[in-house]
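The structures come next, written out as structure tokens.
Here come two complexes built around chain A, the first alongside chain B, the second alongside chain C.
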Partner chain A sequence: MATLAGNAPLVTRRAQRRLGILLVIPVSLIMVFFFLLPLGNALVYSVVDFDGISATPPFVGLDNFREMFADDEVWHALGNNAVWIVIGTVAPIVIGLSIALLLWGVQRGSVLYRLCFFLPYVLPPVAIGIVWGWIYDPVQGVLNRALGALGLDALQRGWLGDPTWALYAVLVTAIWSYTGFAVVIFVSALRNVDVELVDASRIDGANSPSRLWYIILPQIMPVFLMVLTLTLVGGFSVFDIIFVMTGGGPADATNVIGTYSYNQAFQLSRISYGTTLALLITILSVPFAVGLNKLQRRLSLQGTGA
Partner chain B sequence: MDAPKPLVLLALTSMVVSLAGCFAGGSAEQSSAPQVSTGPVEIRYLIAQPEDTADLNLIKEDIKQFEAQSNGVTVKLDVLPTENLRTILQTQLRSGSGPDVFAYDTGPGFAGALAKAGLVHDLTPAYDKFDWPVYDFAKERVTFDGKLVGVPSQVEEVGIFYNKDLFAEKGIGEPQNLGDLMSAAATLKEGGVIPFSVNDKDAWPGGHLLSMALSSEVGSDGMDKLISGETPWTDASVVKALQVWADLADQKLLPDSPTAISYDNGNALFYSGKAAMNPTGSWLAQDTERNAKFEVGFIPFPSSTSKGIFSGGLGGGTFVSANSQKLDAAEQFLDYQMSPERGRWSVEKLQAIPAYPVDTSGIKATPLFTQILDDTAKIAEGSGDFGYNIDVLTNDAFNNAMWKGVQGILSGQSTPEKVAEQLQKNFKKAS
Partner chain C sequence: MATTTQSLASLPVEPEPIRSSGRDRASAPRRRGLLLRHVVLAAMAALTIVPVLLAVSTALKNDEDVRVDPFGFFTSFSLDSLRRAWTEGNFDNYLVNSVLLSVPSTLLIIAVSTMAGYTFARLPFFGRTVLFYLVVLGLLVPFFTYMIPLYFQLRSVGLLDTLGGAILVLTSVGVSFGTFFMRAFFSDLPEELEQAARIDGCSEWQIFVKVMLPLVGSGIGALAVFTFLSTWNNFLVPLLYLPGGGYRPLTAGLYTFMGGRSIDVGPLAAGTLITILPVIVLFVVLQKQVTAGFISGAVKG
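Right, the complex of A and B next:
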């Protein structure tokens, strides 16, 4: 296929190539320093036994990987990651989309609403974790006090210390924090939805779920997939909010791969094994991210979406 | 297919650079020639965040006192949250940008690991030069491979602080054995008081809970055998000590969900009078007296047959980085910390008991602190029977198993038998 560059004179092609290289350099440097170098480091660490101190750690080959697959706690943590991925992805998207649909037609005060919903997302996770830790406190916490005031004493518990509930308690905090992001993105996407199509479907007798499924969702699908990708991948790499609120406890009950990796690397000085666990997060999350990204691109090229 | 080549090259180059850079610059070998600083010099002193801001102000005051008499040596104080100290310190020391002097734990998993990697300065010649009169038992804790690598900072003991007023109000006497303690706890619970302010969200207090129950049950000889590996950690005595806390939890004599309560919040329960007993260490004596509006007593955790013994030992130590360029100034600072006047100041102001003899005559001390002073003097002299605070004598893997194990028991996820098995497994792994 003939291209503009192919037909251009040699001098112009050279100039274009130079410009291309010039434009690619900043991104390449970012890739090298923030992706390839750390990845290279991680790969090196994963085949030695580095304790964080020794300058000459011994080469151990694939021992760290073998240990990882035989480690019961890895599977337990992966199970918690799976819970986090499913609930932590579905809940913000469902709640966020519902709120966005409610805000769609709102004219007065829509900026205020969006600001209120978005605010938790811009708060530092550490601050959120600390504040929600106070809310969940078994003795002084607002939640238990509120339950007591409502006569629901039977529901009072040490939310973050109860192995059955702790992970879900942290998840609620994360959902609260992340939903605002989904709301703002969906509200923006909904602005590009063809309202005439929605009205036409209404005249044709389509009910609300049908209108959402057949008319609205297809138009916002790329944005929907973008939010899905971010929440899904975030579920694999979740660390900060769990670390702040429970540290992976009690007795590993809320451990995910991220907290387990940190615990091994920095609390037990097993940097190499911790790094191997971190690589597992990458290996698991990259296919999802790439797959969803490809789907999003295909839909965009097909002209579907907002 | 020309396009991917530069990317592949870029990736390969990055990997090679990574290989070269991973462990470079981390030479942990101590410089062969001691470096001596001359003239005005500033040393960097790294410590963990004290429990109370008032203590930090006192430490700053102490540094000013040193600077006033140091002939030009000044100290830049760095304070880090306790939970971050280990990671940051190790990274700094490896990169050669560590503090000149730092406060750190003395156990094999802490200072021992740094000593093994050659990251701490050998202070054996300094001990000879300055003739620091540190107690022998304390010196042992900072000796690795025959080298004295630190200066022990303070002597501590772990036991139970209790609300004397509340005990008197409920007609409860000082427990003489474990049965008495359980009865007292039941009486307190009936009276609407939380018997123990046990808190284990932070996990590390679990080590103290086991230490105090186990030390009382097996005595110092029994603890020696466990620490040395002569007695396995699956021994019935260990299971029994863990079972005590399982029973207290089962009988609802602890706060609801102790694994959801942080150390600070647990202490607050005691200070506020909502809880009658606080099982922790003597380092909290000063904070307790500052915050509690009632008379406080401090007793050992009882055994099944006696009043029990305190778990005692060394709280931590002060170390000098092997890569410090200001060794003489750093040693001068340590020498100041070992002076009799500074020791007396430490007792009076910080209620921290140095690991060397201090003349405490005439010191204004509360009855609680006087008792702790007397007890710790016995530890130092070797005249009393004291158990051990386990986590300062064992390594990371064992401590991790112990902390998580006790959390597991308190949250109903594990049993004393299973925890004992994990302790033994990790003890063997460490050996």
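Right, the complex of A and C next:
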């Protein structure tokens, strides 16, 4: 028995290593060929001037990066990214948490409610873009008609065609589709909140804002940070919904780095410049993701320790 | 570390709380509060669902009504738009192509992620950490960072405009998340199980297939639904890497159809309905798995 236990680990370790290597071969091949190689090529593209045709594009050093920092449209697009990140993070979290708090303790119909709130999140962006295009339609659109019916004719406009409003119109669509995700996550987090603690604080005379701030929020902090991380990082790399709804227009008004990069690369055949722009987003968003994830991990470890 | 994921993983599988039923039958003011909650919730749920109803309503209008009042809710009924989208709009082909793209890539993602997830959770070897960082990097870097070089790379090896190429790209997009997800499930399984099986004479392969694999069934189910939905919804991959239009799925078909939005609202709405209907049906039927999948996916990721 003792000899068996003494010998097994070595033999076992060898067998585990053999199977382990065998089992990661597929994922390694796929990741290297379809991710690492193109990512490496992206770095190469950023230091040459590639138009998509030339077999030997000339080396230009850091010219693409220099152009990027001098390009006004980059700063404009980054500004739009910033607007998107701030509003697109705060709104789903606030609305999602409010709905989750309303749903907390409600039993009858709770499945149906969750179904309604979560459904937009699983729909394809293309379909979402089309339907919201109809809602924002200048003449027949549901929104303008509703405003007309309420006597708010002054507010009617072609939402997606108006440079000042288009970004916010698309943002509302994104918030609509994303909030359900926050709802479902918060609902499940609230289930683990100690209800007796909340009731005790109510008896002690704590009002609902302070109950939320001092009792509930600390208990769901890890999940809160996780939603924050996902929305923040998503805000940096936003592309699909803007691409479908406005393509960055009208007149670049809704451009974010993602759509600007796409248009440079595929419409103007400026492959290298487009790729450099895309790299910028990666460089900006990865530290955020890593930092917030670390913080979240530390908090959830504390949570289990307590 | 292991305990963290364990406690977090227990989130979605937890049953409905029994204690909160005490809140439902309560004193009169509490009951009024509950009623108010229901009113607010119902109003918000209705508002949330309006765009979905709009798609259904517009798709089911007759030709004249679509021209006059395309976005009035349920003012007429006809299947003409659906029929036209199906036959003239090519949505019958698009539907088949969507299945041809999403089913194989979902199966591939599940197979590859399960194998890799098991290794990263339980089979240590030299160099494993480096590979795991590669997988994590795949989660962090947005797709559009490398989608342009990938286009030229596929073209140079002859995978552009092929079904196989598109399936492989879809697989690569989902495999990072899948691996990460399955790793968390395998990490949660107790060490003793593995040791007991080993003493019983199981080989490492048998431990994986016969002992561990059956225990992560719920994880595989959640990943399957999640992956299927995201490959079904993906439009950028087919749009970029199937530029010739062969094997064009519903999403990319809809996108190309959008050009004539003001002219052909009826078939466009019908196409939208055809695209989202499978998603809605799957979502409603598998509601528990979908939400559980998204929750544990988000929490573990």
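Basically, the second predicted complex is superposed on the first by the 267 of 306 C-alpha atoms of A that agree within 3 Å, B and C clash if a C-alpha of one lies under 4 Å from a C-alpha of the other, contacts with A are read in each partner's own complex, and residues count from 1 in each chain.
As a working rule, a residue touches a chain if its C-beta (ideal position, glycine included) is under 8 Å from a C-beta of that chain, and two chains touch if they have at least 3 such contacts.
Quick caveat: nothing in here was measured; it's all calculated off a predicted structure.
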{"item": "Broader residue contact with chain A after superposition on the shared chain, chain B or chain C", "value": "C"}
{"item": "Contacts of A:Leu268 with chain B and chain C, given as first, second, both or neither", "value": "first"}
{"item": "Partner chain in contact with A:Leu123 - chain B first, chain C second, else both or neither", "value": "second"}
{"item": "Touched partner set for A:Tyr45, first chain B, second chain C, both or neither", "value": "both"}
{"item": "Which of chain B and chain C A:Ile135 touches, first, second, both or neither", "value": "second"}
{"item": "Footprint overlap on chain A, where chain B in one structure and chain C in the other make contact", "value": "28, 31-32, 36-37, 39, 41, 44-45, 52, 137, 140, 266"}
{"item": "Residue numbers on chain A that touch chain B, as the complex places them", "value": "28, 31-32, 36-37, 39-41, 43-45, 50-57, 136-140, 156-163, 246-247, 249-253, 263, 266-269"}
{"item": "List of chain C residues in touch with chain A within their complex", "value": "1, 3-4, 7-8, 11-12, 14, 16-17, 19-21, 23-24, 34, 37-38, 40-42, 44-46, 48-52, 54-55, 58, 69-71, 111-113, 115-116, 118-120, 122-126, 128, 131, 134-135, 137-138, 140-142, 144-150, 152-153, 168-169, 171-172, 175-176, 179, 198, 203-205, 208, 229, 232-236, 250-252, 254-255, 258, 261, 265, 268, 272, 275-276, 279-280, 283-284, 287, 290-291, 294-295, 298-299, 301"}
{"item": "In the complex with chain A, residue positions of chain B that touch it", "value": "10-11, 14-19, 21-23, 26-28, 86-87, 90-91, 93-94, 109, 113-114, 116-117, 119, 200-203, 255-261, 265, 269, 274, 396-397, 400, 404-405, 407-408, 410-414"}
{"item": "Complex contacts: residues of chain A adjacent to chain C", "value": "8, 12-13, 15-21, 23-24, 26-28, 30-39, 41-42, 44-45, 52, 99, 102-109, 111-135, 137, 140-142, 145, 176, 179-181, 184-185, 188-189, 191-192, 195, 222-223, 226-227, 230, 233, 236-237, 239-240, 243-244, 258, 261-262, 265-266, 271, 274-275, 278-279, 281-282, 285-286, 289-290, 297, 300-301, 303-304"}
